[in-house]
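Please read the structure below before turning to the comments.
Chains: A, B, C and D, in written order; residue numbering restarts at 1 for each.
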Amino acid sequence: ATFGDYGGQYVPEALMPALQELEDAYERYVLENEDGFMDEFRERMRDFGGRPTPLQRADRLSERYDREIYLKREDLVHGGAHKLNNALGQVLLSKYMGKERVIAETGAGQHGTATAMAAAHLDMPCEIYMGRTDVNRQRPNVYRMRMNGAEVNPVEAGSGTLKEAINETFRDWATTVETTHYVIGSVVGPHPFPKLVRDFQAVIGREAREQIREKAGRLPDSVVACAGGGSNTMGTFHEFVPDDDVALYAVEAGGSSLGVDEEEGVAPNSATLSTGTDGVLHGAMTKLLQSEEGQIVESHSVSAGLDYAGVGPELANLVETDRVTPVNVDDDAALNGFHRLSNLEGIIPALESSHALGYLEESHDELGDLVVVNVSGRGDKDLETVLEETEKRDLEAAPDVEVFDG
Amino acid sequence: ATFGDYGGQYVPEALMPALQELEDAYERYVLENEDGFMDEFRERMRDFGGRPTPLQRADRLSERYDREIYLKREDLVHGGAHKLNNALGQVLLSKYMGKERVIAETGAGQHGTATAMAAAHLDMPCEIYMGRTDVNRQRPNVYRMRMNGAEVNPVEAGSGTLKEAINETFRDWATTVETTHYVIGSVVGPHPFPKLVRDFQAVIGREAREQIREKAGRLPDSVVACAGGGSNTMGTFHEFVPDDDVALYAVEAGGSSLGVDEEEGVAPNSATLSTGTDGVLHGAMTKLLQSEEGQIVESHSVSAGLDYAGVGPELANLVETDRVTPVNVDDDAALNGFHRLSNLEGIIPALESSHALGYLEESHDELGDLVVVNVSGRGDKDLETVLEETEKRDLEAAPDVEVFDG
Amino acid sequence: MTDDSNAAPESDIETAIRENDPALITYITAGDPSLEDTKRYVEALDRGGSDLIELGLPFSEPVAEGATIQAAINRALDAGTTPEGFFELVDDLETEAPLLVMTYYNMILQYGSEPDVRPFVERAAEAGLSGIIVPDLPAEEADPLREACDDHGLDLVFIVAPTTEGERLETIMSQVSGFAYVQARLGTTGARADVSTATHESLERLSEYDVPKAVGFGVSEGDHAAEIVEAGADGVIVGSALIDIVAGSDDPAADLEAKAEELKRGAVRGAESLTVDTEDTPEPEQP
Amino acid sequence: MTDDSNAAPESDIETAIRENDPALITYITAGDPSLEDTKRYVEALDRGGSDLIELGLPFSEPVAEGATIQAAINRALDAGTTPEGFFELVDDLETEAPLLVMTYYNMILQYGSEPDVRPFVERAAEAGLSGIIVPDLPAEEADPLREACDDHGLDLVFIVAPTTEGERLETIMSQVSGFAYVQARLGTTGARADVSTATHESLERLSEYDVPKAVGFGVSEGDHAAEIVEAGADGVIVGSALIDIVAGSDDPAADLEAKAEELKRGAVRGAESLTVDTEDTPEPEQP
């Protein structure tokens, strides 16, 4: 396999030639910068995407936790999250490969909107698959994709969420593979996707590593990032992996409780690294939330972007080899993290990133004197969810928001 | 007056000492960088605000208009618009001045959210005045302010919009002036606000001027920015004003038609520079939309952020002295500009900025070979408005967005 | 009051205050709820013992006013009150008390065919007004209007705020004509339940200047008037409390007259207490 | 079919195809709508002339399937179909036609106490299955499963796609056991109205290899079967068209049997036309 026991290419035969073509393109364009691909990618990420993003000292969190806390501000990337790093890279690569069309899956819509933006920017026809349930509950993101000129194809099957959207995108790809590139949204899927996406996202850690050395004069004691599929996690960690003294924490969504309800086929969490078992999903051997029989269960998290039953195989391997520590915090802790950063630092974080901040609150004592936390995205998209979920709970960090009539 | 015939300090006597104190602080901290104020401001705008923002070549617009079009990407500033440049500057200044509290007015909520973010970041108590009508129709922004820990005070008077909010903020300030700084949201108000805000915003043009020289090897033939109160306009233009060969276009909201309906006390536009007459509003002599008798009329634009009956006095003077050319485009042209940039470049612009893009479409032939357009903010906030307004119209640039059930 | 403005005595207002010390200065908004009503109300205030009457010419953005006068202004604007209508009202009025107009600077500028303060002042003088108060015109910006007022024999009344100190106080006091409008407290106009410490401090600060001082902002009762006069004021200014009557009373004219009488009595009581027992000045209340 | 799996003949499947060329291979999803029904349906397909029968073991993420089989899988999962239930069904079945299991790799991995393909293969052999088809297991990842299959005398059937060319085709064909599953067109499973150009091209490309070739993906009618056999296939594979009967018929068993007969007749017709007039091969349809 690609990463220790994890990774591989578990896909229908029809897709294998495309994966080999992609592997070839990955090696030439990404690894060897053929035709200046990486130069163009970096230039577009600078001018279109807004890179580099800052590494900001969080003054009030530093005070609160009595140590130096730095935030990597991926929320400032065009589109509001790290997602564009990957989407732009892949859409550009598909152009270099001579593809005529890109497709992508999306759950809550973050990867879909990033892909649609990148495709508009690069004048590439784009179709996004999105579960019917997600289409109806994430309308603003559907509109954003439409406004960027992408087709949005609602997937009617099953529960109409991310898993079904991925399955349907694979089906489209199996039909159109000769002319179409599938822009996978995280460090998941068959080889070479986990490496490709990681390399496009690795700019996060590369910048952060340089920035922290410049600002703090040394490498951090620990780096904390949330983990769903794992693209912001791998992107943040990759450059630090060889730095043995830097502890890496992948914070998963503990949801409402850990464990799998076999009866219902549901896991009320997305803590794949912490609680999952090895198996094959969406093209790769990795850690999964599954029943004993091997059926994939529905994961759950207050954060739609972490709500996935699998995880990147490289991250699974880094956990298996003890380089990355998997931890998790529950929905309440994430919501408190959301409110705390909004209130103390004037940054409204994505609910995904709020998990990293929740972990910081709970376990800062174990993180050393100098901590980098990746703020993978902004939380504007999550306002409605946060309001609803906050109302149901008694959260210490939440403000009173009632200023409306009747 | 401060700028030719415009500017001045038309405020209640009680506020005059505060304005003089502010003038003193402006000179010491902003102009002379006392105690390293400007250094800290720039550092925070870099690390917290995400500066510098890119100047991006717009490939497809350049092709469409057969000239070089560059976009200044203020939509990438933290919070989604140039507004933070000013809000952070003033909140930081209020700290240097030893103030205990800041207040601000907001219409659609952009300046309010920027001020709330800055105040959270700098640990400064903050209250925002917002018309009741605006509070009820801009809930997401109200929530964002609350989440950043700001109080939001609904103003019940009048039509419950921006004008009333400004009046009410002046009233608060007249009561609390000794301990409170009023963070005015644009280059309007009494001296020294127009200069202060301009200087905080001038980073836009300073960066753009350097960037265009680096990228295109020369200064642009023209610079285009939308104009409501005029803070992004002055921020973009300021550094170019001495460059006589650079034409400066301030694009106002033509709304549904030009002119003032005296009977109704309403102007169905916000084209103050193009159609306004001289008068005094909110502390300064400037150009205004007013009745013959001097009553301020209600302005209207599809873009809430341009919807103001006054304009910055310095901008009025630059128009009066023919350095800046005032132009305007109507609601339809702005909406088409919104869709065009979203579709062609993968950037969803604020409706404010869409006016500049609408003007580019209509008059690109007059703008020379090298054009810089300021994208003052992102349009996520405007999605709902755009959908509603698009549905009412037959717009050539609009996509079909219907992918929903029933 | 239709005689030629040039004939208006140079010191109409100052005389009215000095001769009636402690003077009562009353304010209502013209056109609230109609100019006809305003005429009756002004006459009632005159009968009730006002020594000076301020008439508000409504402006759409009254940033110095509290909720009460804002509402009055909105009612007046909704009723279609215009500067010309206002002047015609003044043309018609025949009061004992001299009249002042209180309005915002833009209203003055816009009167006439282009932005210029002179047409307004000329017309004000012609209508028989004795002075002008402009809440958004500090001394620094007042030269054009003061010159026009001087030319037409009108007083331009300046406001002295609790924050007005040092050099600025000097400047303003050197320019005062008519009287110094002493703002009783920070904030906007509006009836309050007490007299602020700031009032006492302001009057103290102003005691060295030999110009009439009238205190406004928050005065609503005879007892306030008494206290203010005891503290050294030459007059009290009452506005919002009268607007409350205009807006809420079944017989505003009668109630306005009665209220003016109460206030005037209060002021006089204050003056008497001052003469009788200068040592027994009541403690200023704590804010 | 309860005899020891080690006794299963090495070439069960290949024999079934070669001896019955043109062979009919039928597929249904086990557990749709229940395992009891599946038993009756399999027996009907066997009676109808199936030469091989594929039984789908449902997996929650069937990425290679079109809408029809997806729906069947969902029905089977909703009915509580488990691998153990599946194997018990196979234990019970006594068919003329050898049986294959078609499932996704994770189902194979997870059978038993920890991720390992061997327990599944052992149990499959024990239940009397003759082979395994795994739509998400390309040759590159197949070593562990192929070894286990070899150990237990099961065929591991590989799919050859329209995109499978050159070196990869060589590799796959060198590993084929049982037969080569020729994917008729790009895309997913599902009944279609025609036979694609890709089918003809694939069979052309495979003509040099001396292994049985069966064509699936989109075959729904006797005429398709005929055309495919005429184009050089040794067998036709039909799935979605049968699922449609399972889901929609009033008497699925009878209709499945009739459909199998129609398809087998079509295949035989194709073979006959090939023997009679090899020069009159129909033009491949344009896509």
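One rule holds in what follows: contacts are C-beta pairs under 8 Å (C-beta built on N, C-alpha and C of every residue); 3 or more make two chains touch, one makes a residue touch a chain.
If you want to know which protein each chain is, UniProt gives these names: C, D = Tryptophan synthase alpha chain.
Because the structure is a prediction, the values reported are computed rather than measured.
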What is the minimum number of touch steps required to go from subunit B to subunit D? 2
Set of chains whose contacts include both subunit C and subunit A: B
Cα-centroid distance, subunit B relative to subunit C, in whole angstrom: 38
Subunit C to subunit D: how many Å between their CA centres? 98
Please tell me the distance, in whole Å, between the geometric centres of subunit A and subunit B computed from their C-alpha atoms. 34
Show the residues in subunit D shared as contacts by 2 or more other chains, in ascending order. none
Of all residues in subunit A, the ones touching two or more other chains: none
Determine which chains touch and list them pairwise. A-B, A-D, B-C
Listed in rising order, the residues of subunit A that touch subunit B in the complex are 46-48, 50, 53-57, 59-60, 73, 75-76, 78, 80, 116-123, 132, 135-136, 139-140, 142-144, 146-149, 152, 154, 338-339, 342-348, 380, 383, 386-387, 399-401, 403-405
Across the complex, what residues on subunit C touch subunit B? 59-64, 66-67, 70, 74, 77, 82-83, 104-107, 109-111, 115, 135-141, 158-165, 168, 172, 183, 186-188
For the complex, give me every residue of subunit A touching subunit D. 8-18, 20, 157-158, 163, 166-167, 170-171, 174-178, 265, 277-283, 288, 290, 292-296
